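See the structures that follow.
Next, two complexes with chain A in common: one pairs it with chain B, the other with chain C.
Here is the complex of A and B:
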């Protein structure tokens, strides 16, 4: 198996691994990917992927308006807020 | 172990005014508050529950009690509970107070249940020993009789829910099961653990781990108690698009019905290839206990067992990496500051997730990334269909499947450091989860060390009623419950 680019994978996952832990996670990932590699032996050329085990059709509710989740309740969990908004550092110059 | 009190006997005592709802709550709250085994992230006090206790008592006084009225339950800290901190045992959610109630816990409240507290679990339900919790490991109330000072794991991820019932701090508890997280801890703590068919119980308001696998279910002292809880929580819910709208049975009614026709139970020989004689003895004991009934045991063989764990450890982390993308330190949860928005994401997530969760996000991200998606994720989804088909083939020959629940008894805290060795704990429970079938773990006996062991009974889709009836019979015959 080719090397795993742990820096790229962690950036894709929006994680900033401390440099002393990169080797730990990298090795762990290599071990696990090798462990699951036995799946490649199975011929699945005629098999459809299974997304939902019960393969039930989705039931659709009536489009009725319900009032729940007050703005205040939702914003109470925000680490930082300004009026009725979540507050973050400036993203546009 | 503390004396087991069934839901039906407690409801009767409450009806007959032998005990009040407050007294019952106090009795369990006292044990929960000590938190001797770290089974709780949060214990609710009688003042907080005052009005719920009063309303419940009033219903008993009026003779209009609900099915679970006044019954103290433990709730895995993965269910959102309105106004009550819900952490998923993670640092990143350690300050999160949901503004809504999960569907499943709402059903329990609607039926009169009173919550004792929020049970500790593995972080985001990722683990098989309850050691990955940000709030420290849960200790199994059972002790190795040959080494009674050793602290043992309760199993995971619903380890707190199992330990809470075993220590007698709640009558029953709610867990969630993605690859064995109800059945495995139930087995290691000498309890009954039911994972219903995928789609039976709504996932709405359960902190998501792997959405195509997650399912809520009870951990109880008895099969009858499991039926009480399942009656309450198994309902269709529009808020979960995978919630099934098939008609539900009354799982309690006729639970002790006599077998009126021959049944066939399959025992998969491939599950017993590499297990210890002690584990094989659990299957043999169960078979022997049913000798007087019209039950035929047949050997069955699966073709996909060797691939189930690999399939699971691609699909579950892939879904987890996607589900956990929502934790970014912006709208809720713990934020770590940074110079710009990207730094806030990176810092909050890196500091907020523990090692195992980080590892699984990385695996999931890798198997979903460009160039690897088809080889890993898509291939795993195809093999998942083969696993499902394998079960359906076996279910054409038999009515139920009997396996061990776990390959071992409860092990020492800190003993299993290698992640793959840990993942092997779920070797018997993961295939059922991938197929979405209902599975129940039943206490089957004690190991040489005096620790509980269990067997798993698997039924076909939505056959929970029959599964519970047979489980009830096995429980009676094994008469593990003193």
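Here is the complex of A and C:
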């Protein structure tokens, strides 16, 4: 198993970790992965990947328009708004 | 200076699908609405909302599959591509990764030497578009409009088979044309319906491929060309000054015409794809795939072939007509509803009619209501009722709907003089006092004939039937 880069993982998950907790979470993740790694003991070289346990295919709908929620409904959940926009801390790459 | 370097380019093209509703929600798929007007809780990424696949998107993907010679995969899987950005509130983009709906296609593009070049396409997959962020209103805040979230995209990924900006523009425009012909995408690049990411690296002929850089989100042919030329020079300079090209995602600055690195490199991205548990795999039957085939529109290259073989139209003229789908609608309507020679219709179309459309800045489809008048006019010419020259004069009025051709001709007194008696008189008058020239003709000088025809035409103010004048003149001169 590869090393856990806890800083990178918290960056990707957008979670802020206090530095004193880094060791704890790092070790927890290692434990989890080691446990899951048990699956590697099974030889699956002749088994096709399974994406879902049912044989069913995806549900589809016709290309019809329905307006379920209004702009107000949607913006009611915005932490902050400016006119009809969501207003968020500046993000520029 | 390219110092013998060559560029190797692969293209990722994002085409927004022309559907009424979005990929996984029934919100309208519309450009130009008020901010956040076409958003429901699925699009806004609210917890517990379930995406349901729009069948029209599968149909459009299958049509693209037929048009671009793809293998259409009966089994494809939607996966989550995880990243955080405010214009995608789900926290992941639903895309296809390991099992795309289309694999291994190709498109042929024209080369300057008249040959065609086959551009292989690795894959095409369905995915959601993200929303739009506006950064320049407030110094501290970004404003988010989620209308575009969930718009269906088909991402079409070519192999690195393109080797110049010219190639890329040809490929892109041919792809655009095809997608518009089969009604998969409206092709409006200005509105972002079709956008390209360019992957470019350089090498010496036969040498090893350099590290590639990806230039994101180019939405015009002009920018594509500029970005490629700038990035090519930039990589050459980096290498020739002893450096090495770093793999990077670049942004093209449209105001300076330069590319610059986009993403911070503190941590590399990791999208952690995994099959979306909200969506079962897409399993298509042969029947579902094949029933779409009969609804396939004729493709641009098929139209060219048909125009050349059935209508005997030159390939170059056929190409001009098929450049826009609208032209072919107008052209084929005229061919189908009249017995005028298609070749004749084609040459008027690409000549005087297109010139008129361009001059008046018209939509070609506006002329659909005058197709009968246009072909009637062409018939008046081929029936020798009016001359070609008069036809050209009347055409603009016909195209503006100012009257029926035969009425216009009568009203303006422009009917061609094809009455033999009348013409004989005109010719006799023209030959009067021309003994010297008549002698020249009889002495073998053909040029004099042209002089006489011109003289007769002039006295009929261009309305004399030139063929008849020629014939009668010859008869008289040979006596």
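For the reader, a short list of remarks on this structure follows.
Everything that follows uses one rule, which is that the second predicted complex is superposed on the first by the 87 of 93 C-alpha atoms of A that agree within 3 Å, B and C clash if a C-alpha of one lies under 4 Å from a C-alpha of the other, contacts with A are read in each partner's own complex, and residues count from 1 in each chain.
In the analysis below, contacts are C-beta pairs under 8 Å (C-beta built on N, C-alpha and C of every residue); 3 or more make two chains touch, one makes a residue touch a chain.
Predicted model, so just to flag it, every value in this text is computed and none were measured.
Of the two partner chains placed by superposition, only chain C is touched by A:71; chain B is not. Applying the stated contact rule after C-alpha superposition, one finds that A:31 touches chain B and leaves chain C untouched.
In the superposed model, A:12 makes contact with both chain B and chain C.
Judged by the touch definition given at the top, the superposed model places A:84 against chain C, while chain B stays out of reach. Applying the stated contact rule after C-alpha superposition, one finds that A:92 touches chain C and leaves chain B untouched. Of the two partner chains placed by superposition, only chain C is touched by A:63; chain B is not. Touched residues of chain A were counted for both chain B and chain C, and B has more of them.
With both structures placed on the common chain, the touch criterion links A:44 to chain B but leaves chain C unconnected. Look at A:20: by the touch rule set out above, it reaches neither chain B nor chain C. When the two complexes are overlaid on their common chain A, residue A:4 makes contact with chain B while staying clear of chain C. According to the touch criterion, the shared surface of chain A, contacted by chain B in one complex and chain C in the other, consists of residues 12, 14, 51-52, 54, 56, 58-59, 61, 68-69, 73-74, 77, 80, 86, 88-89, 91. Put simply, chain A touches chain C in their complex at residues 7-8, 11-12, 14, 51-52, 54, 56-69, 71, 73-75, 77, 80, 82-93. Taken together, the chain C residues at the contact with chain A in this complex read 19-21, 26-28, 34-37, 39-41, 44, 46, 52-58, 77-78, 82, 84-86, 133-135, 137-146, 251, 262-264, 266-267, 269-270, 272, 275, 279-284.
By the touch criterion given at the top, residues 4, 6, 9-10, 12-18, 25, 28-29, 31-33, 35-40, 42, 44, 47-54, 56, 58-59, 61, 68-70, 73-74, 76-80, 86, 88-89, 91 of chain A touch chain B in their complex. Only residues 95-97, 99-100, 197-199, 212, 236, 238, 241-245, 306-307, 310-311, 313-314, 321, 325, 328-335, 338-342, 344-347, 349-350, 353, 358-359, 361-367, 369, 375-376, 378-386, 388, 419-420, 434-436, 461 of chain B touch chain A when the two sit together in their complex.
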